[in-house]
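Let me begin by handing over the structure; questions about it come next.
In this document, chain identifiers A, B, C, D, E and F correspond to the written order of the chains, with residue numbering beginning at 1 in each.
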Amino acid sequence: MADLVKEFNDYRAKMNEKLLADDNKVIKRIFNLDTNAYMAGALDVKTKELLGLVASAVLRCDDCVKYHLETCHKEGVSKAEMMEAMSIATLVGGTIVIPHLRRAYEFWEELESINS
Amino acid sequence: MADLVKEFNDYRAKMNEKLLADDNKVIKRIFNLDTNAYMAGALDVKTKELLGLVASAVLRCDDCVKYHLETCHKEGVSKAEMMEAMSIATLVGGTIVIPHLRRAYEFWEELESINS
Amino acid sequence: MADLVKEFNDYRAKMNEKLLADDNKVIKRIFNLDTNAYMAGALDVKTKELLGLVASAVLRCDDCVKYHLETCHKEGVSKAEMMEAMSIATLVGGTIVIPHLRRAYEFWEELESINS
Amino acid sequence: MADLVKEFNDYRAKMNEKLLADDNKVIKRIFNLDTNAYMAGALDVKTKELLGLVASAVLRCDDCVKYHLETCHKEGVSKAEMMEAMSIATLVGGTIVIPHLRRAYEFWEELESINS
Amino acid sequence: MADLVKEFNDYRAKMNEKLLADDNKVIKRIFNLDTNAYMAGALDVKTKELLGLVASAVLRCDDCVKYHLETCHKEGVSKAEMMEAMSIATLVGGTIVIPHLRRAYEFWEELESINS
Amino acid sequence: MADLVKEFNDYRAKMNEKLLADDNKVIKRIFNLDTNAYMAGALDVKTKELLGLVASAVLRCDDCVKYHLETCHKEGVSKAEMMEAMSIATLVGGTIVIPHLRRAYEFWEELESINS
């Protein structure tokens, strides 16, 4: 089942490398900001990753959801915490979030299977 | 051609079962509301399913569109009625709805092929 | 209380006149399509106006919601029917639709006060 | 300057009362869910309110942002924490979030002026 | 009629000053990027401002539309060019863009009245 | 690698043919408008295609992005110009545009490989 995670990470890594090798400076700086914004500050990393997860879910970006599920999992977010975050996303964003919730749940199960 | 319908329903059923087995109460209640909202009331079921279809189409949620196409088909919505609903969605939501219209049309053809 | 309706219609009429006097043909044709799409066809006008209302509500366009509330009201849509359509919009589109629902309800009350 | 907060709360309270007096059950249940979803669970109230704030900001719903700013403020969220949450929203949601950030900042200043 | 432009610019300047005085670095860097991205490069400034206008219009951000209308006007974009850009936005984004088109047209007329 | 382009064009052509053979007049007229809107006028075709690309990217419609990448490529848009347009889309639309940027970049590389 771990194929979903590997496939996502491989494609993402391959294309990010190409984008960063391209000489568009605005894109490079957005990537750089994307790293800095989730570093510990007034809020801790775990909270920030949950914020990134919910923002991605209500905007219905599957790849962004996967990325933040992976970082949430690394930061020790529990399944119950992830589901509470996703339930707020589904309530605020509506039932159109449900198909993304299904795919998020499947991805989370895979993340747990890899690390167990 | 009926593979699209079966594949959609199988994955949806499998993941919904998992989500409902999870103990997040907000998600369970949203699923429950999702069933109740489309029951006959001041508006009949057919009209409500068309409303669900158009809402899903302008928000560009393919899985939601497929779900409502299937319920519309069961409620006896004709192809011409479905297309008028989708034409309003395409006008209100813009040409970015067209790729979803293509996939909706393909799914509808498959629904008709199953039931003929 | 009828001020909301009058203010909305006056500004809309004034600016539409200017836009149609401008010589951009694409805009003119979109306006023309917008009239045709809601005419009776396989679906009746009332159903189409409800579809336009729900599409406008989930895309959270207050002016579009107001326009369709006004046409729904003219087509004899009851308050209960309007509320069922808006409840589907709120469920599909999420709680971010609620502020638009509040303004829609206020506008509907005003429409009823004018015509009573 | 406290007028923004009062005006927002008064209109919201007046219209919510009307919506809940209306007999649409789906709307009532969505309102009810909206209360339950932000109660303490696996995540604490403060984290959930920050999640609600970010979801509202990326979906660019000013009224929803105001509501969550107010509850965040009550839960003891600091200005620096609020700004970090809003910076994630602005990064994920893009520069179109900036006008909402301006209004959020103004509203937060007003919340602080009331309570100081 | 020039009040719309002045009011928009005054509020925007006042709040941007406050946001930049706040010590959130991610926000500061997004503002900085926002300036750099529209500078001449492979594409000229006029084309980039038209791109910013259309992006703002389809995402239905009135304040962003106003900002880019103002910069387009400064760059010598003609009314016919602005209207062609907005017609593409209205076609791609759908009839929900029309209320924003009305407000854009009004703002453009005001920009022309100031500079004539 | 040219498979992505062929697969996209084949499915698009097949379904567009079906949609145009269907007798829904609103859909036919939207397709017709979609052709006219990008013709040379006050703005040239290349600029209009870049506007279509950015509108598609911020609305995160992969198929629309692919279509405009293809027409941009035919109009002689350089990779640097395409990347500047996409960088504006990513800044305005936020980091949720990045997954679409990755797929756009891959598609562009394929377009270049076909024509070299």
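Following the convention adopted for this analysis, a residue touches a chain if its C-beta (ideal position, glycine included) is under 8 Å from a C-beta of that chain, and two chains touch if they have at least 3 such contacts.
Here the structure is a predicted model, which is why all the values come from computation and not from measurement.
Considering the contact criterion stated above, the chains in touch with chain E and with chain F alike are A, B, C, D. Of all chains, the one whose mean C-alpha position sits at the greatest distance from that of chain D is F.
In this assembly, E is the chain whose CA centroid lies farthest from the centroid of chain B.
Residue contact pairs shared with E-F exceed half only for one pair among A-D, B-F or B-D, and that pair is A-D.
In summary, the pair chain C and chain D forms a contact in which the copies contribute largely different residue numbers, shared numbers making up under half of all those used. Put simply, the C-alpha centre of chain C and that of chain E have 27 angstrom between them. Computed centre separation for the pair chain A/chain E is 31 angstrom, with centres defined by C-alpha atoms.
Here the spacing of chain B and chain C, counted between their Cα centres, is 23 Å. Computed from the mean C-alpha positions, the centre of chain D lies at a distance of 37 Å from the centre of chain F.
Annotation for chain D: residues touching 2 or more other chains are 26, 30, 33-34, 37, 55-56, 58-59, 64, 80, 83-84, 87-88, 90-96. Viewed as a network of touching protein chains, the structure reduces to a complete graph with every chain in contact with every other.
Chain contact summary for the complex, chain C toward chain A: residues 58, 90-97. The touching residues of chain E, when paired with chain C in their complex, are 60, 79-80, 83-84, 86-88, 90-91, 94-96, 98-99, 101-103, 105-106, 109. Those residues of chain E that touch chain F in the shared complex are 33-34, 37-38, 41-43, 47-48, 50-52, 54-56, 58-59, 64, 78, 80-81, 83-85, 87-89, 91-93. Across the complex, chain B meets chain D through its residues 25-26, 29-30, 33, 36-37. Across the complex, chain B is touched by residues 11-12, 15-16, 18-19, 22-24, 26-27, 30-31, 34, 55-56, 59, 61-64 of chain F.
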